[in-house]
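Multiple structures follow.
You will see two complexes here that share chain A, one where it goes with chain B and one where it goes with chain C.
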Partner chain A sequence: MQNAATKRAAAVAAVLAIGLAAGVAEAKDKIKVGFIGPLSGGTSSNGLGGRNSADLAVRLKNADADAKYEYELVVLDDECKPDKGVQVATKLAADKNVIAAATHYCSAVAIATVDVYNRFGLPIIVWGAVLPDITYGNDYKEVHRVNGTMINQNETAAKFMTGLGYKTWAIIHDTTDYGKGHNKYFSQYLTENGGKILGTFGVTADQQDFTAELTKIKSLDPDVLYFGGLTPLGVRVRSQMEKLGLRALFEGTSGIVSDTFIEGSGELAEGVLAFREGAPTELLPGGKVFMEQYKKQNYAEPSEAYGPFAFAAMNLILDTIEAVGPDRKKVRDTLNATKGRDSIVGEISFDKNGQNSVALITKYVAQDGKWTVWAESEYAKGKRKLKGQK
Partner chain B sequence: MDVGLFGQYVMNGLMLGMMYALVAVGFTLFFGVLDVINFAHGDSLMVGAFTGLATYLGLRELGVVWPAVQVPVVLAAATAAMAVAGALIARYLVLPLKSAPALNTLLITLMLGTVLRESIRLFYPAGANPKPFPALLPAGAVELGNFSLRADNMLMLSAGLVVIVAVHLVINRTKLGLAIRAVAQDEETARTMGIDFTRIVLVTFAIGSALAAFAGIMNGLYYNEINFGIGLLLGVIGFSSAIIGGLGNIYGAIIGGFLFAALQTIGAVALPFASAYKDVFAFAVVILIMAIRPTGLLSEKVSERV
Partner chain C sequence: MQPKTGERPSLWPGLLGIAGVAVYLIVFLMIESQVGVAVLLVGGAAAVVLAARFGALERMRTSFAGREGSMDIAVPAAVLALVLVFHQDHFTLLLVATVMIFMTASLGLTVQFGFAGVLNFAGAAFLGIGCYTAAVLTKNTGLSHLLVILAGGVMAALIGGLLLYPVLRTRGHYSAVITIAFTLLFKTFLEVNDALGGPQGLRVDGLNLFGWAFNDNIALTETVELSFYTNYVLASLVLVCLGFAFLRRLDRSWIGLNMDAVRLDETASACFGYNISRWQITAFTVGNFLIGMAGALYAMMLGFIAPTNFTFGDSLILVSIVLLGGIGNPWGIAVATTIVIVLPEKLQMIQEYRFLLYAAMVILILLFRPRGLLPRPLRAYFPGWQPK
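Our next item is the complex of A and B:
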């Protein structure tokens, strides 16, 4: 009996060995890497742009004859919902063949999933979520982020807006971690810079009707309405402001810097301000090359604002795997030691929390149906005036 | 609080209440004739709004740019499409389950709602994104202090009122209405009196769903934005309104709709804590009302405890 079993085992091993040898001779080893973002729901345009950009990084690497491995991108949809995010993150992290992943655009999702990645030891790079706590609220070695946080964004926003001469604000923010974070940091920096907050309103992330809040804000008569939330809500607030005859300037965050906001608000988008870490794609160090390559692949959706970050995150993952091999622990440690690496979004250096330092904040204003860099806009040149600007 | 501000709140509340009432009337009609809850009702509203938007875009392609033509055509297309859809839902999903446990109907309509919602998201061009809905009504506004009295709001309120009065007249003054009431009261007896039961059920579902489409268009015109998710909360609120009013009673549904809107407005305005809790407040009051009056404020003549 025992003899037979040994023989069979030997036979199986031999077959396996031959198979493996043949495999190596024929093709490179297949390595799985992951991508998670909101592919459906109100913020899906950003998610799909990020997915395409990560996919582009994988395709380019696979087309590279010098690459040691062949990569397969596992794409999952978090729907911008924390519960769904934890589900797909667990699915991805539990698959031992997945070596690393670029994950999440929505902060509320990213903050909910970091524990999962830590528990399963899957190294990830966040490509779009801006809540500081994702990297700073824990000391998980698995968690990294290529894009900046909302702290810098709101500091710049507060300084810039008070610099324009605005004095009073009303704040509407969604009550997810994302919206609350924006409210916290913007309020803090605004007060430091001498701005006055007349009222703060927390709203649920899927609220439809804002007339009650906006009517109250109208009676407070602020110069500026600051909105800390994502595109779908932003579109609603903007259009309902108009219905109630609210004349305040609309100021948003990186959450509304998307083509969808402009498409959704139509003419009402004109003169809306928003702030985002990093620079517009075409002004990034590798932006031009990225755009060319992106175009060549004929993706159905545009890369949107955070596409380049998804590309940079995925590229960094692929380069790291190339360097140290498909081993989660090695990849994690190598990622943690990343310093001064060139990428299309500029140099990437992770601090001890895995946070990339992105010092650059770009100010945007919507002009003629496009997000225009403030310095290049007709508003900055004085040809047009923002609401309430003297 | 100054008068202008108060007026504005009342106006906001009335607009919301009108939409809720229209949805609630649908729920209550369905329950009246067939004792079923159609949880796809909110999503019928959403599909109605999208049908209206598609019709508008089609008209624009054809070069029809006059609001006086656009509004009636958009309304007609949306209500007609949903009336047909409502009748189909009744014929092929609800009626076959008539003798099955009520839970089955609940489940099947709940699933249908999800199918409708996901279909719009996946198959309407870029359906996952919020869609701008055109402002087709005259935009004139009179500013009275903090109150901006808008022509379009007034038009929508009056139109809603006309529709509600029309439903009232149909139910109480026509032969069809008599038949609907007969079926609601006692199906067996109605059948023996020669009333075509199936036909009445189909017509009732058609009317209810057309009302939802009307509310959907109103929603679009009021907010100038629609998305695939609007039906979800409106459905729940409409259902709650029908319940607090007394399920099966049309006037109860209307009162319930306005009451719910009032609760939300009060929750957002008068309570000291953040407006994020307005729905919590409104639904908590609904729970309270349910606890005190389990059959709703105005109950059906013969109410059945379940």
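Our next item is the complex of A and C:
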């Protein structure tokens, strides 16, 4: 009797043990990582592109048999609004199962939420917002950024444009921190490089009609119209410029380097210049893989200009978790020490503020319905000429 | 002695209703899965329809109307129970506090829309005035934060005073347009004004009352710690209760009667010697005061404010709360605010489609309840009085 019972218990225990062991061998630990961006509203095309790119990074890692953990991406929408941003950031950061996150495309949201991440100790990498203060306005160890700031972008832009021989500018910028910041840094570097600003016009980000500003600009007759703002506004300004017959060249910022801008402006996009931080994805070896894999997943929306940054940020997060385990503090410290890491947007090295210090700026020109790197375009080779180019 | 007007309605339907709603909310806030939220939404709608069919809603309504004093205690108690359940859940508490702050602001709009019939599409702007007042005062002065909240209300009322002249000189759609213009003007003013942080916005200090720092977690014992948002939930609960009590007193006073008359028929009330402007001014100012106070508390809770929080779209959200709840009924506001604030949050997992679904639901609600979820009942001149 006694013996039989013991045997039965042993058998049950053995079956349980086998079952448990099999379970452990098959299922990896589930780790949550976060993504926040604007998924609704005017800048949603960039948010969705970033979301898909971050999602791609997670899918690729999950498909990798060597990965130690299985990752789950928690996606939240900040609507490009600071108050919503604080809400979703709190939601993400207060969830102890989330180890790290790639967050924010809109500068106003990112600057509002850095306190939240610091408070709850969630390491994040900003994937799109360009306001310098996000990393330089605080000494939070949790905050990192893979893309450059608007300072570098405008320095390159001003030098390049004056180098092309343009003399006079008019500036239209939106009155958000994005547009105002661009106006500030571009004006500063342009004056240093000998360019002249004939007039500066601030417009609200949802303004529809620019007849007043553009008529004034037409009478000023500048060589170049510098536009500091995001895609929806850029499309409107570009098309209304044409209606009023402005002959100036249209020069934009990173905010219009998106497929949506070219789709929206159609033929008018031809010969438009813009500048963006980071190496051109399609020219880097990892970038090609990114583009191919992105296509394979059949996402409904294009990756847009900042998709590669979201992908790179998420990849860096996943690699770091693989290396040091799912521990927020360790992930944070390891991220802080990141130096010279290869990624699809070029090398990533964080300075002491968590800012990626390799600030490579790529110059773009829209040619035949595509953003083309300047050096490769027919404009640089002299086959075509920009408006007003000598 | 209270005059006997038939049997006093039973307490139980109301209490059961409150308990039911509280339990439903707790489960709703806890649930994370897509299926769970969908089941709860459908289940909730079905429960309400069934309750209406079998007369349970009617019994709750009479119970609420007849046993006001008990209900006034039971509802805040239910909120406190909710807080206890979520005492460590920062995000949920932030959401609950946000709901109550928006409730306070919507109560302000109710005085304007619902009582005196003054249109105000600048709700977010007045909320913003409260926020910025709090930001500037906490940064530059050592003023007690209790006074800062009051100052937020006073500033909103004062700046609203600038709008009075054009608003009073116009009627209907035209006065609505003036308030819309004010919202746009306010946002642009903030964006170009670098002293107020410009487009980047301003950092705001956390609330601190008599040495009680609201941004610190509350350690009850060594192991149990309450989220610091509990502080803000309590503060906003106090604010919304005060606002609620004030609104009810106002509604039942001769002032409320006058406002009703002005709203229903300006010409007739002018013929009877009512001073129309006086009541419109009163309603507009009092409403803005409430909105401004809510704003000041909101800013201190968020810790960061920027002009994009106060767009025309945000004003429309406030207006939609008032319309969805049923114009002029504070209880309706409570229900509507919860729906408008919590629902989009809970739909986060469907990502870019959530506003589509959310908008569809609001349209559906208004299709079946064109006068709002809880329309304003007939004025009860005697407490507990039942129509025979």
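Assume the second predicted complex is superposed on the first by the 363 of 390 C-alpha atoms of A that agree within 3 Å, B and C clash if a C-alpha of one lies under 4 Å from a C-alpha of the other, contacts with A are read in each partner's own complex, and residues count from 1 in each chain.
Methods note: contacts are C-beta pairs under 8 Å (C-beta built on N, C-alpha and C of every residue); 3 or more make two chains touch, one makes a residue touch a chain.
Since the model is a prediction, treat every value here as computed from it, not as a measurement.
Once the complexes are laid over each other on chain A, chain B and chain C cannot both fit and instead clash. Using the contact criterion defined above for the overlaid structures, shared-chain residue A:108 touches chain C, although it does not reach chain B. In the overlay built on the shared chain, the residue A:243 is in contact with chain B alone; chain C does not reach it. Of the two partner chains placed by superposition, only chain B is touched by A:232; chain C is not. Once the two complexes are overlaid on the shared chain, A:31 sits clear of chain B and of chain C alike. Legend: residue contacts after superposition of the two complexes on their common chain; A:201 is shown touching chain B, with no touch to chain C. Legend: residue contacts after superposition of the two complexes on their common chain; A:40 is shown touching both chain B and chain C.
Once chain A of one complex is fitted onto chain A of the other, the partner contacts of A:51 are limited to chain C, with no touch recorded for chain B.
Contacts of A:90 after superposition: chain C is touched, whereas chain B is not reached. By the document's definition of touching, of the two partners only chain B reaches A:216; chain C does not.
Of 169-177, 277-285, 295-303 or 331-339, the segment of chain C whose C-alpha atoms clash with chain B in the superposed model is 169-177.
Shared contact residues of chain A with chain B and chain C: 40, 44, 175, 202, 204, 206. Interface residues of chain A facing chain C in the complex, by the touch rule stated above, are 39-40, 44, 48, 51, 75-77, 80-83, 86-88, 90-91, 94-95, 107-108, 111-113, 115-116, 120, 131, 133, 175-180, 202, 204, 206. Chain C meets chain A in the complex at residues 89-91, 94-95, 98, 184, 187-188, 191-192, 198-201, 203, 298, 302-306, 308-309, 311, 345, 348-349, 351-352, 354-355.
Of all residues in chain B, only 2, 5, 8-9, 12, 15-16, 121-122, 126, 128-132, 141, 143, 146, 148, 150, 222-225, 227, 229-230, 232-234, 264-265, 268-269, 274-276, 278-279 touch chain A in the complex they form. Interface residues of chain A, counted against chain B in their complex, comprise 40-42, 44-45, 175, 200-204, 206, 208-209, 211-213, 215-216, 218-219, 231-232, 235-236, 239-240, 243-245, 260, 263-266.
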